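Each structure below is given as structure tokens.
In the two complexes below, chain A is the common chain; its partner is chain B in one and chain C in the other.
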Partner chain A sequence: MTELFGFPIPVILGQLLLGLVNGCFYAMLSLGLAVIFGLLGVVNFAHGAFYMLGAYGTWALMNFLGIGYWGALVLSPLCVGLLGITLERTMLKRLAQVDPLYGLLLTFGLSLIAEGFIREAFGASGQTYPVPELLQGALNVGFMILPIYRVWVIVASLMVCMITWFVIERTRLGSTLRAATENPQLVQAFGINVPLMVSLTYAAGVGLAAFAGVLSAPIIQVSPLMGSSLVIVVFAVVVIGGMGSIMGAILSGLMLGVIEGFTKVLYPEASNIVVFVIMAIVLCWRPNGLFGKG
Partner chain B sequence: MEHNRQRHFLYLALLALGLIAPWLGVYTVYLMTLYCFAIFACAFNLLLGFGGMLSFGHAAFFGLSSYVTGWLVTSQGYSTLSAILGGVVAASLLGLVFGFIAIRRSGIYFAMITMALAQIVYFACLQASFTGGENGLQGVPRGRILGLDLSNDSVMYYVVLLALCAVFLGIQRVIESPFGQVLKAIRENEHRAESLGYFINTHKLIVFVMSASLAGLAGSLKCLVLSFATLSDVLQSTSGEVILMTMLGGAGTLLGPVVGSAVVVTLQNTLADKVGSWVNVIIGGIFVLCVLAFRKGIVGEVLAYLKRH
Partner chain C sequence: MKFNCKKTLLAIAVSMGLGATFTANAGNEVVIGDIDDMSGLYADVIGQGGIEAVKMAISDFGPTVLGKKIVFLSADHQNKPDVGSSKFREWADKNELNMLLGGSNTGVSLAMAKVAGEKKVPFIAVGAAGSSLTNQDCNAYIVHYSYDTTSLANGTASVITKEGGKSWYFLTADYAFGTQLQDAATKVVNANGGKSLGAVRVPLSASDFSSFLLQAQGSKAQVLGLANAGNDFTNSLKAANEFGITKTMKPAALLAFISDIHSLGLQTAQGLYLTTGWYWDLNADTRAFGKRYFEKMRKEPTMNQAAYYSATLAYLNAVKAAKTTDSDKVMEELHKLKINDMFVKGGYIRADGVMIHDMYVMQVKSPQDSQYPWDYYKVVKRMPGEEAFGPLSDSTCPLVKKK
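Moving on to the complex of A and B:
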């Protein structure tokens, strides 16, 4: 059998791989959104901008400081995380007592600033970034050819997702975090520094977005608007998955990436909107999302 | 009563200013663009300020209607009035679909859902044939309304001004009606309004469709004023702009959206050639400032000040 639905199997597998890569980005970004929303009650619109800054950080480290991919993989998320802490401490913190919609609007404004700034500094057109030497080339596994870098992206992001899940669901730190999500006052009364935890959570969430940005730098054009279209898809993923569950965010991210990949084979015109259409259907059927509570 | 009289005096003064503005040497196309966005922001304010729903996808109604009007006039040979009507009907129908799906959730989810749905409309407009894809529709003729030649800027100006006044007064009427009171009740406390026996979802859907159709009116007038409809009308940043206009002027006040759109359109007009993409940084900065420092908006803060003194 070399064909499925009238398409050659290698083509389908190739698109599936691309879909899985996209799904990994969705998973990492929606995971960060879910964690931030859980503790801060803020829908972080700037998530796409942080992803973009992560990718630009990678590019800038290489071009201005000569630091390569592996260094950037650590440094870029760290810098973006520090930026996140600064923003949380100076701005987001003031919105703790008001309607969560203001958090959305504030971060929307912040992403406009970041995009405009990067555009002014480095131009609107895309920058290219080389695939690191260690990960160049492709593997021939018989039924298809696997570009090593894409496999690396999938492995690295799945690992990061699993570590995040493990930390939140299975460690003492995670249980404190979950308790603070439920009742911050009570956790504070037990002598835990909740404001610090909130800042670090925000930093970790946006650091995760920046990590995704670093991973994406060698396979897409690094451009100022790369995050803003992605973040809308991630919002739809979050609506589909329901924001309550960490595993839900990871699974729906991966699943929707794969579905999008399939759509690219079957009906390419619809591949841009398939996630949104699925969101509309899910909302009519289960308004709280697939993994949502209540 | 005293307060009401002051308010009517202010409205009349603004109307007089609008009527004589073309003779004061103000560029009419700029004013017309401003009025179109003022209508758009008023429509948005009906939903956000009085219905308590933050839509992040209002560009879909504005842009779709702009395209439909442009398409009906250029390739279908419809008269201007029926093309505007066509645009508004298209926006209302789209509003019905959006509303039906989005009112199932509220708050931030509502915002995210409308954003995602609007993205469908954006990609549909990008790929459909009647929109002209990346190029958009160019050279849309204004035509005539009731025998008036709209290609004359002064005539067009008064038509757009009339539309803005009609929308403004219409929204004021809606808000002061029993329907508007129920809306406020839902905004303040949804569960209590429901337990008092009001059909919350019906009210929400109606106000959503109203807002969508007025946003559509703004879009189709904008298409006629500038003679083109492009992808930027349906773009997500346009949804963001209308939120900014409403918030900056003051959501939930009648005059706020008009003031906000005047500020934003003027800023964009004067800054666009001088500072390039810094204009986005400035817009983003205003957003941040607005959220952190004056959440009531310009008109809201002025009203609060007057109340204190």
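Moving on to the complex of A and C:
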């Protein structure tokens, strides 16, 4: 009764919960990627770097300006979003008419530059960021000791995911946005500033990555490579969910986090490849991803 | 556009070829190489700091040896064994490399050690921990300089087991280094009347350690053996604190560097036991080196950065004594040498290639005990070299058996 696959139920429940926390990060990051790809057609390889910059922004705000976690939660994504607008306006925009491969190469290059710059400035071992006072401590949920901060990660990221989904799928702004990607000339003819919308969308996408970065700062070492070790997994998540599908990105992010969590118990050595195995299976079976349109 | 691309590539290829021709020396240079992780998770352990340390050693020795200019090359192996070994091969073939310093990552160093045997180029492994380099994978051109999995385990694991930490569970980096370190520690734990309750093998650079740590906690072991390094070590210790695991299990760092402790902060790292071959605040000599290094890098050197300095000097002294750069003769001198500098006193290189020197078991100070910047460790135990590295008769290196 107390065992499942030879593991005690409390262990399984604990891993499920931790998988969900990681899934939240996957969901937020893949959501940003899906928004950018779905609406701009850009394969944003710099997503991991923006996530890393979000975390470094949090650390820098605290260390250089004395601004704490809650301020950083707003300011860091905002700063990274502004950086995103600058890059979109000065570089990515010029690649709108050519093969998406060029955008991929550009963003990959940019992420290498960002990582190199941060490594030169602050070193490779990274920085420690404290858990904010309000969220310190842990809950005893019976089957495990759950740090309050991890609960906050689940709440905050699910909220942000839902808001993003709602704005894009259910509001007038979202429908204009989707129309602008289908037929920019026509939407522009209605007097809507399409280039501005595109810039803001890119900013929102990378802002989401930075938000995930802020959330992760207190739980992992803020290091230059924190993004690059995550971005490949997140790409796989987006492919599994269906490129450009908003809900697909959120759901597959959460789901894969949980599956990966179980793998860590059943066969830990495979935990870093399980997502890619699933990707291969999904691609054979449904080339457009689980939630992708026909 | 495409034509231009091709042209550019061609130009790069040509200039690279030319570069190689220009750098090839006609026997009037002594070429020292350094292949290390310059951009990955171990970049702070040696990386740029190692390059600086080698430059300091070359300038301290004098810019020439046997009247030849000392040339220094460095490259990033990106933690990929194939990148490391092919760079080594290229330098051996085209640049007449005389000695290679091996940076972090046992996997890469094992690949480069094979090339050293093939090309007959002395290879001083500094950052790699895996003791197989001087056991089953040994050859006549390998020197293992700073520490190895045996000495690390003989330090931390033996002190903690003797203090009552009898049951262990390991969090192991899933490659040659982690598994060798775990094996060595398990041996020491068993020998001291303890036992290992199991291990979880974690892929390198995992993004989250909490679920692995929960498994460790489930084992009810007293000691959490961290058989990993760099950011993997810092992230796992951080998560262990967050999940309250350090309240029930005593964490043991099987390989931690001062750069890790600095980045974690004393608040998180305090009380931790670790083993090191060198610490900047041991004596006047180490402090003097620390001060010089600090002026350049704005941080104190790790044991491996100090070892880079020492290994470079040892090699140059051996060349001077041998009066030639001939690999076999230099290796012979290296094995005869008594190494005395700020890194080691009375160090010597054994037949299997291990550089025997004292090791220190340290405990990380609490923020209250730390009096000045980088005052992080207190010495728990000084282990004489023979105790740390074990007897030569334990070595499975064929070079030993022949004698």
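Odds and ends about this structure:
By our rule, the second predicted complex is superposed on the first by the 288 of 294 C-alpha atoms of A that agree within 3 Å, B and C clash if a C-alpha of one lies under 4 Å from a C-alpha of the other, contacts with A are read in each partner's own complex, and residues count from 1 in each chain.
By definition in this document, a contact is a pair of C-beta atoms (placed from the backbone, for glycine too) under 8 Å apart; a residue touches a chain by one contact, two chains touch by 3 or more.
Since this is a predicted model, take the numbers as computed values, not measurements.
In the model built by aligning both structures on chain A, chain B clashes with chain C.
Of the two partner chains, neither chain B nor chain C is touched by A:Ala156. Contact with chain C, but none with chain B, is seen for A:Val11 once the two complexes are overlaid on the shared chain. In the superposed pair of complexes, A:Gly19 makes contact with chain C only, with no contact to chain B.
In the superposition on chain A, A:Ser125 makes contact with chain C only, while chain B stays out of contact range.
By the touch criterion defined above, A:Ile259 reaches neither chain B nor chain C.
Look at A:Gly116: by the touch rule set out above, it reaches both chain B and chain C. Of the two partner chains placed around the shared chain by superposition, chain B and chain C are both touched by A:Asn272. Two complexes overlaid on chain A leave one chain C stretch from 78-86, 132-140 or 186-194 clashing with chain B, and it is 78-86.
In the superposition on chain A, chain A positions 115-116, 119, 124, 233, 269, 272 are in contact with chain B in one complex as well as with chain C in the other.
Per the touch definition, chain B reaches chain A in the complex via residues 54, 101, 104-105, 107-109, 111-113, 115-117, 119-120, 123-124, 127, 236, 240, 243, 247, 276-281, 283-288, 290-292, 295. The residues of chain A lying in touch with chain B in their complex are 43, 91, 94-95, 98-102, 104-106, 108-117, 119-120, 124, 228, 232-233, 235-236, 238-239, 269, 272-273, 275-277, 279-280, 283-284, 287. Taken in their complex, chain A has these residues touching chain C: 8, 11, 14-15, 18-19, 21-22, 25, 115-116, 119, 123-128, 131, 138, 144-145, 147, 149-150, 219-221, 223, 225-226, 229-230, 233, 261, 264-265, 268-269, 271-272.
Residues 39-44, 47, 174, 200-203, 205-208, 210-212, 214-215, 218, 230-231, 234-235, 238-239, 242-244, 259-260, 262-265, 268, 299 of chain C touch chain A in their complex.
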